[in-house]
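So that you can tell them apart, the chains are marked A, B, C, D, E and F in the order they are listed, and the count of residues begins at 1 in each.
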Amino acid sequence: MITDLKIHFSQENITYDGKQLSAHFAYRRFGICGHSCVGFIGPCHVNTSELVDLEDALAHDFIKAKSMLHFITEIFINDLNLMIAYQRLMVTCLADELHTLLTDKTIRRDGDDIFIDDRKFTVSIASLSAVSSLIHLGINIDPTGAPHHVNAIGTEELEISAPALATSVLNRFKHELSSLAKARAKVMSCGEYK
Amino acid sequence: MITDLKIHFSQENITYDGKQLSAHFAYRRFGICGHSCVGFIGPCHVNTSELVDLEDALAHDFIKAKSMLHFITEIFINDLNLMIAYQRLMVTCLADELHTLLTDKTIRRDGDDIFIDDRKFTVSIASLSAVSSLIHLGINIDPTGAPHHVNAIGTEELEISAPALATSVLNRFKHELSSLAKARAKVMSCGEYK
Amino acid sequence: MITDLKIHFSQENITYDGKQLSAHFAYRRFGICGHSCVGFIGPCHVNTSELVDLEDALAHDFIKAKSMLHFITEIFINDLNLMIAYQRLMVTCLADELHTLLTDKTIRRDGDDIFIDDRKFTVSIASLSAVSSLIHLGINIDPTGAPHHVNAIGTEELEISAPALATSVLNRFKHELSSLAKARAKVMSCGEYK
Amino acid sequence: MITDLKIHFSQENITYDGKQLSAHFAYRRFGICGHSCVGFIGPCHVNTSELVDLEDALAHDFIKAKSMLHFITEIFINDLNLMIAYQRLMVTCLADELHTLLTDKTIRRDGDDIFIDDRKFTVSIASLSAVSSLIHLGINIDPTGAPHHVNAIGTEELEISAPALATSVLNRFKHELSSLAKARAKVMSCGEYK
Amino acid sequence: MITDLKIHFSQENITYDGKQLSAHFAYRRFGICGHSCVGFIGPCHVNTSELVDLEDALAHDFIKAKSMLHFITEIFINDLNLMIAYQRLMVTCLADELHTLLTDKTIRRDGDDIFIDDRKFTVSIASLSAVSSLIHLGINIDPTGAPHHVNAIGTEELEISAPALATSVLNRFKHELSSLAKARAKVMSCGEYK
Amino acid sequence: MITDLKIHFSQENITYDGKQLSAHFAYRRFGICGHSCVGFIGPCHVNTSELVDLEDALAHDFIKAKSMLHFITEIFINDLNLMIAYQRLMVTCLADELHTLLTDKTIRRDGDDIFIDDRKFTVSIASLSAVSSLIHLGINIDPTGAPHHVNAIGTEELEISAPALATSVLNRFKHELSSLAKARAKVMSCGEYK
């Protein structure tokens, strides 16, 4: 029950190189202690050696974009199954917001990826540290630099304000976790079918 | 890691009265042993006394519809937080399918509810039994009989085939759980931010 | 991490007979949804058949007092080991408060019991329901009616205000759980000794 | 249920520099395998770089004392929430003992700290390794060397025997864990409030 | 880590009818509090309505034998996956003992069943109560009364002393759990393969 | 519930030096993602520094054999107690197979070791990585090189085909985990003994 997600959007420009997906990023960088989701804008450049998705790492993949809107979520649980479910819900929050913003586009979620008119809009991974579970969600602003095999799209081309989108996603995800907690607390148990 | 969800759509007409949200429904009714999601069509009539949502029960609410498409999901874990997250993802699978079917309608997910053009399309609850965790998701086919304060909509009015929708939701949810499992298995851990 | 314990002291006089140590007491009685600790004053009369401490039940014991200050804590976890540790900490919060109020008395905690000058001041039990974990802590106000083998003492004889004590215990316990959560969130992991 | 805590007080003088808060310290140093709490006396010098409390580390704090009574507790669970609760209970065991030894002093517990007449008597941290959860509790004997902002007090000034205190704390904590286990094993479950 | 299984062989003749597979049987019947494995001899008659194996219950099966050696194991965990693994290990302890006693017979374990020369020697089930996990293991002494489709064998025909077998199984299982605990406590963690 | 163990026997000759007991060995080496048990043949040489059994490491032990049949099992859970139980069951699967192959030998399992006519046939360890739990089981083919204090025996002397044994063990263990999962899914809960 995550009733108290601390959300923060930083005005600092921060390059995401994979090292930010680590325990206590929000605490060390922004002084935020506890469950948190922090957003910031900056370039993305994750080399193969920093990838934690082993499938991508073995494929010698990398992640690169001139500008992205990044979110780092840290929850102090050691439960990767639950965290991956939360990751999907966070991506769903973004998709829900996009449906309100882009009524004439096709928005497709496939696992933790979002495609807009079949062009890749996001990258995401969920992992765990020794003391917490973590999610990175990166949303293309200007995807220039993405690997050649990726047909990417960003908020600039879509004429979406990245800071406004950040605020919406942070609030939607905070609301999602709160409503999960409420659902947990108000349900009664059930028996054996006869 | 639920890699092996057993999915089944039954041709039997079964009334859902709340008792089906119980351990081993799929085993006793359909002989299916293990994690499962089973779908069927039938009237819905859950009296206040059978509601497991305490908020609704205290409000003396009830659930009634002339015809609904029902799903009962049973996962053999005792983890209500994870199950409620899975419930949201199952509802998301339905929303994702609706976005492909109803391009001219507004589809809005709010927690575990789906609204189409602001009319209520679904009911859902996640709970746990002594040996498992369970989800009921009910989709209006013909919502006649719903409480007066609910402006409901069903598949008949939307000209959607309920059996076809059932198959899509079952397959999407099975795929969702498989891809959660793959994500769990292929990720590496991360360290402490410095 | 229980960061958001909802605390409430009710002015209603409520008899505690054991049935209150049940899931959703605070929700049904006071409309409080989520982790909670609620206090109230009233007689205590728990018959053998309502005891959940099997040792006491097998000894045909009972709990009776003309007036007690009661607390029901409900946390939506299914972890009795953790809940029993929280129970001890709640009792410790009470002992800590008593040390500030009664500087000339001997206050002794033995497990989940508190004795003042070797006279029994409290009763307590931690248990679990199907959806949550629960604590009852009862503090004698007027222990008249206690079993003959028990030399009991209450707040009246000690000239302590029960409502004021209630407020202190509720606040101390809420603070304890918050500080546990903070400690969880700010600690780094450690390695292998060499 | 920790029914079998192995307790040991070593006569060796061992400097605590933070590295001892690691998996298998008791095994490697004293040959003790299993849940354990070991005590020893020695200087304390934990540099900022060895601190696992991130709040302290970011404040460039350090821990130093000419002589301390140290305890390292290791429990083979991976549950930091439970371990932090056990830490508080261990500190409570110390406070309970101090109340019997120092009847004319004010003993105040604040989270995992103990103050005697508002002077700092202890340091403590709970953390986890890859295979276990760990607690360090350090009690000042001679606090000389403590940071200037800390008004510390030790057992020498209080005329308390550190070895005798060690024995009392070890036995109280072992008893606490045993009684937690007994409470877990003898309680029955409870139902839903109506 | 179950380091302290309490084992007991009762001389009382007790009929096993399924109700004994319940929380606190050992406490209520023998005054044993904590993790336990108790053995006794008596008839077996479990009607369909008392079966907790749903597969057997749906097949309208029953368990009956003129005389059996019964074991009830209760561990105060709420983890059915772990308990079923412990059940298999308990059955393995019996098989290991049989291999030393019956060198000219074929002893075959299939899941939680043991067959001697392809004749059924045991029945077993693992389940959970609200506060604990439980195992019943029943060993035929005189299988008279078993269902017709079962070709059963018992200790009488095999000329094995049931009380001596009880003692061996209790000691082997206690040793197994102790050695599991030791293995848990002495192992170090490992890293990522490169 | 491990319903889907991926089993694989590799024809490659691979030296086991301890580094293979690491997260994602099967993925990186064989492209197998998910719960897995992979077998291969090769020399064994684990230096003291690579041992994860602390008891052995402190005794300056090592593991060496000219040829062994190795299995690496990886399950994506973070539960060492359950994994050690699975390890014992895997060793039991091997013992069960040996009983069918070697009817005139004494096969003795002691914890996670198997002895044939009191000569050591296997080595095994269970540990955990940051993202999974792991088992190594090594079966002597030609034990030449084993430490002097070990009286070892291998499949060559026993005239057992190592590849055939590998296939049997892989299939037996896969079946064991499947039947554990089925047992978990079909059992009903039980109540309180009265």
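Worth a mention:
Here, a contact is a pair of C-beta atoms (placed from the backbone, for glycine too) under 8 Å apart; a residue touches a chain by one contact, two chains touch by 3 or more.
Being a predicted model, the structure only gives us computed values, none of them experimental.
Put simply, the chain farthest from subunit A by mean CA position is E.
In summary, the pair subunit A and subunit D forms a contact in which the copies contribute largely different residue numbers, shared numbers making up under half of all those used.
Looking for a copy of the C-E interface in A-B, C-D or B-C, one arrives at B-C, which has over half of the same contact pairs by residue number. Chain centres here are means of the Cα atoms, and by that rule the chain farthest away from subunit B is D. Note: centroid distance subunit E to subunit F, computed from Cα atoms, is 25 Å.
Centre-to-centre, using mean CA coordinates, subunit D is 39 Å away from subunit F. Chain contacts: subunit B has residues 1, 23-24, 27-28, 33, 54-55, 78, 80, 128-131, 184, 186-189, 192 touching two or more partner chains.
The touch graph of these protein chains has some other shape, matching none of line, ring, star or complete. Under the touch rule stated earlier, the contacting chain pairs are A-B, A-C, A-D, A-F, B-C, B-E, B-F, C-D, C-E, D-E, D-F, E-F. Within the complex formed with subunit A, the subunit F residues making contact are 24, 27-28, 33, 78, 130-131, 188-189. Of all the residues in subunit D, the ones that touch subunit E in their complex are 1, 3-4, 23-24, 27, 33-35, 76, 129-131, 181-182, 184-189.
Residue ranges on subunit C touching subunit D, taken from their complex, read 1, 19-25, 28-29, 52-55, 57, 79-82, 84-89, 92, 96, 99, 107-109, 111-112, 125-130, 134, 176, 179-180, 183-184, 186-194.
Considering their complex, residues 54-55, 58, 78, 80, 128, 130, 192 of subunit D touch subunit A.
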